[in-house]
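Shared between the two complexes below is chain A, which pairs with chain B and chain C, respectively.
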Partner chain A sequence: MSSLEIRDVRKSYGAAHILKGINIGINSGDFLVLVGPSGCGKSTLLNMIAGLDTITSGELLIDGKVMNDVHPSQRDIAMVFQSYALYPNMSVEKNISFGLEMRKMPKAEIDKRVADVSQMLQIQPLLKRKPSQLSGGQRQRVAMGRALVREPKIFLFDEPLSNLDAKLRVDMRTEIKKLHQRLGSTIVYVTHDQIEAMTLATKIAIMKAGVLQQLGSPDEVYNAPANMFVASFMGSPSMNLIPSKLVMQDGKLTASVKLKSGQELFLPLAENAAYNAWQGKEVILGLRPEAITDPGSAEATSKLLHQADVLIDVVEPTGADIYARMELNGQDTVGRMRANCGAIAKQNAPVTFNMQQAVLFDPKTEERIS
Partner chain B sequence: MNSTIVGTKQGVSPWRVVLYVTLIVFAIFYLLPLFVMLVTSFKTLDEIRLGNILAFPSEWTTEPWVKAWGNACVGLTCEGIKGYFWNSIKMVVPAVLLSTLMGALNGYVLTKWRFPGHKWVFGLMLFGCFIPFQIVLIPMSQVLGFFGLAGTTAGLIFVHVVYGLGFTTLFFRNYYEAFPTELVKAAMIDGASFLGIFWRILLPSSGPIIVVTIIWQFTNVWNDFLFGASFAAGEGAPMTVALNNLVNSSTGVKEYNVDMAAAMFAALPTLLVYIVAGRYFVRGLMAGSVKG
Partner chain C sequence: MSTTTVRSGGDWLRQFLPRLVLAPSFAITLVFVYGFIIYTGYISVSKSKMLPNLDFVGLDNYRKLWKTLNWQVALDNLAIFGILYIVICGALGLFLAILLDQKIRGEGFLRPIYLYPMALSFVVTGTAWKWFLNPGLGLEKTMHDWGWASFKFDWLINPDMAIYTVVIAGVWQSSGFVMAMFLAGLRGVDEEQLKAAQLDGASTFQTYWRIIIPQLRAVFLSAFVVLAHMAIKAYDLVVALTGGGPGNATEVPATFMYSYTFTRNQMGVGAASAMIMLMTIAAIIVPYLYAETREARHE
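For the complex of A and B:
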């Protein structure tokens, strides 16, 4: 267990810059998730932490010690690979003990640790089998066992759940979370799935095209996204980004939104000194689907509720909720409502906007106004 | 194993009969020389002179085999081919093992430890596969003379290892190309060394390609005549050269039965290797062509 610091780390292949100055610091016990679309450089960064890829410039510190030129085996890390990378010629037991054997650990100690880990992951019945005789979920467990048995400072996970079917993925996700809570280990986890990121992380680093977009807790990233990319990447369905204009109405700053009927809504905004400069200017209004809902579901505690009748274009039931699509300022917008709220397609329905959750973005820089 | 696809229709169609008859005829055609060699080697000289080469021996005798092995005349000495047989074994075993091991190492480095210019190195090794034997004879004899290996079994082993390296590297490189690199990375993090990864992870997973390489190298080295004749003279000559000398040594009567028995001795080891390892050969050649 230990801390990790990434200082202005860059990676280039000739003229191609894969990572453009990444700064991330996490404490002991943190669960850092690197998330982003494919090609954003998250796996490269993980490989650099593992020592499997060289660092072009910048520093990588584990426990305050520079690790740039330290061999992977000396960094005291363990990695779980996307393909599991189990040694096909060895039994499960050998797979798990291989790393300890290479480190010349006494046989008795190895046996004890293997027994402990296989107990914890409930893979004792599989110990004598070969990887080819295991199912996907079992292989996943063995791969985790191989990492756990080493008791390293940092665990690295490279999209470990992406090869599992949907149901198993959710189960294993919970198990990884439990494991982290029980062991309190430091984990760096790469995924392209934002739900995995939200559910597992204590800290999320969102990356795009080799640039860190935002580093923060799941709550910060979700409710106060640094820019429009983060806003649309995190959350499903993603945040509504509606072009809007800030106007003064009854002495208060509001975001104006025109409905299909031609009616103009003036949605009240939370007090924020930064917004004043934008009076009369175009902004992007960011509203999560759950902030556009039926009056019954709207948070009673929120002071900034605004209700209006809006024409619903399409209703998409998901069972627990319905997604109601409407047009705001010509932009297709999703609201999340209770299944029995009575919204019907092609008819008006009462809609409550919870403006406490609204965020504003600069349309040019795409950064959040704050 | 989808034999059911072919045999879905019940009964025997005329097409099937034609197919099998053709196949059987070809099989007989190819097996005929072996048959003639075998029956001739069990016949007495008197019977051979009758000229009926396809007939079974009227009187089976193992004497030609005993003579070929123990006291046929090869050149001036009449001690049979047994000494040369062992010469070949002494040459083929180290040559095959060394070239296979080195090919595996080359393949490992060329796929998992790539260095600038690795494509060129591999390209040149591939090129080496196409160099005809005859071209290297004189330079090779100079090299052997320089190392003091001329006319020794060690020298012959050296020649075969160098010559086989192109092929063995090609085999192993293509096999390891499909071998997941993540396994090597995992082993690296686990603390295995360069050679540790090779011995503990890669080689144990290389069964099929090792068998292919051994069969390929064994048949090539065992059957080689030109290098044997050029670089190992007299007592040190391999089986193939000795067989040639035995057949060409004229001590009055031409003993066809002894010649045939000696030829059978020369062919036995390669036959054995194919029979024992043949099914792995096909499996290895097909490895990687289909998933799973």
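For the complex of A and C:
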């Protein structure tokens, strides 16, 4: 359990600049999830935290101590790899105990720790097997066991669940969450999975091309994305980004949106001093699909509901909900509605816009206006 | 109607063309390899001396073979050569592979240097080493010329040591190949396992000893099988390097087989020694092939 601080860390391979000055600080017990498109440098950053890769410039601190030149084995960090990286020639038991053995821990202590961990992960019956005799999920547990048994300061996970099938992934996700709550350990976790990021994280760091886009709680990055990239990257389906113009209507600032029918909607905006400067100008209106819904599902406590009849182009059922597609200002937009709300393709349906959740972006810088 | 005949004709062709194409080579292999193995087998239980003679004499030739002093010498030499050749090639090959695996610069330059000897035939290797080790021509003379008058390296003409020169030349030729096999094996080990080992606190030595080398079992086995059968079949190297001499000091089963069959008018005994060699190689290779095919089916 330890704090981790990454100060202006850069990484270049020759002329290729992979990480361009990353600043992240997390406290002891935090669960930091790194997300971002493929190749943005997540694994590179993780390897640098572990010490498996050198830092070109910047500082890495664990518990306030600079770790740049400390050997990986001395950093007291354990890592769970995407491929699990179990040693195929060793039994599960040996795999788990290897790190302790290398650290010259007394045999009795090793046995006790292996027993504890294998009980916690329920892998006692597998201890004598070789990794090749295990299923994907079991291998994943063993890989976690190998990390847990070390009781390190920080855990690193590099897409640990990406090789599992959907059902198992959900189960393991829950278990990792429980484990984190029980042990209170500091974790850095890389994933491609939105839901994994949202459910596990206490802090999410979104990266793009080696640049940190936003660092914040899941709630912050979801509801107050720093820029349009974060807005469209987090959440599925992603946030609707509708070009719109801010106009005064009845003495209040609104976002104007034209429907296919030609009718113009004036969607009310929350009070925000920063918006005033944008009056009469083009902005990008960001609305989550759940903020565009049927009147019955709309958040009753919201003070900024606006209802209108909108032509629904396509209806996509997903079970409990349907995704209704419509055109706003020529932009294909998704709303999320109850399955039985009665929306039918090619017909008008009543739609409620929850403008409390709306965010505005500067179309040039793509930054959020706030 | 006509289209069906055409199609069935095409089907027939498609079905039989591969067999048709393979048939000649199959027939040639059948006759010249397996046919002659059987023929040799029969010669080994016949009264053949200078020429084949089909009179059956049971296991007489085998009894004679095991009483022949030369054959005992050949077996002793094979034991010395075979064990040293396999062990040293294996150890040296692994060692070189581990050195090259350290991602040193110039690997692309070094690897072919180690591999080139394999491109030479054993005859060339043997001849080159014969000159190099010849006390009047090679290493010893050079040292004397340079002023190191007491330098002495006469293994090539020393009956007690001559077999070790065969080992030296054989190792020189083959260890690069073994290195390449091990290097491929080392490179096949999952990168993330090595990272995991680093985080687990394993030293470089422990990483190789506990994690990487145990994963090279298949490579060890392949290297052993390749080297073992090369050792048993070793003929050209010995002929070129020592000619079996001095005296019969470097006689090996293959040279024994040749001289008894073709120059000493003991065709039956020669055939018997050939059968023994065949069975020894079969004893090594058949289990290997069996294990390989079974593994392939498992995949």
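As a working rule, the second predicted complex is superposed on the first by the 370 of 370 C-alpha atoms of A that agree within 3 Å, B and C clash if a C-alpha of one lies under 4 Å from a C-alpha of the other, contacts with A are read in each partner's own complex, and residues count from 1 in each chain.
Keep this in mind: a contact is a pair of C-beta atoms (placed from the backbone, for glycine too) under 8 Å apart; a residue touches a chain by one contact, two chains touch by 3 or more.
Computed from a predicted model, the values in this text were never measured in an experiment.
Novice: Overlaying on chain A: chain B and chain C, fit or clash?
Specialist: clash
Novice: Once the structures are superposed on A, label A:Ile26 by its partner contacts, choosing first (chain B), second (chain C), both or neither.
Specialist: neither
Novice: Identify the partner contact of A:Leu287: answer first if only chain B is touched, second if only chain C is, both if each is, neither if none is.
Specialist: In the superposition, A:Leu287 touches no partner, neither chain B nor chain C.
Novice: Looking at the overlay, what does A:Gly99 touch: chain B (first), chain C (second), both, or neither?
Specialist: Both chain B and chain C are touched by A:Gly99.
Novice: Determine, under the contact definition given at the top, whether A:Ala50 touches first (chain B), second (chain C), both, or neither.
Specialist: both
Novice: Jot down the residues of chain A that show up as touching in both complexes, chain B in one and chain C in the other.
Specialist: Dual-contact residues (chain A): 50-52, 72-73, 77-79, 81-83, 85, 87-90, 98-99, 102-103, 146, 150.
Novice: List the residues on chain B that touch chain A in their complex, please.
Specialist: That would be residues 180, 182-183, 185-192, 196, 200-201, 204-205 of chain B.
Novice: What does chain A use to touch chain C in their complex?
Specialist: 47, 50-52, 72-73, 77-79, 81-83, 85-90, 98-99, 102-103, 146, 150
Novice: Help me check something: in the complex, which residues belonging to chain C touch chain A?
Specialist: 190, 192-193, 195-202, 206, 210-211, 214-215
Novice: Show me the residue ranges of chain A that touch chain B in the complex, using the header's touch definition.
Specialist: 50-52, 71-73, 77-79, 81-83, 85, 87-90, 98-99, 102-103, 146, 150
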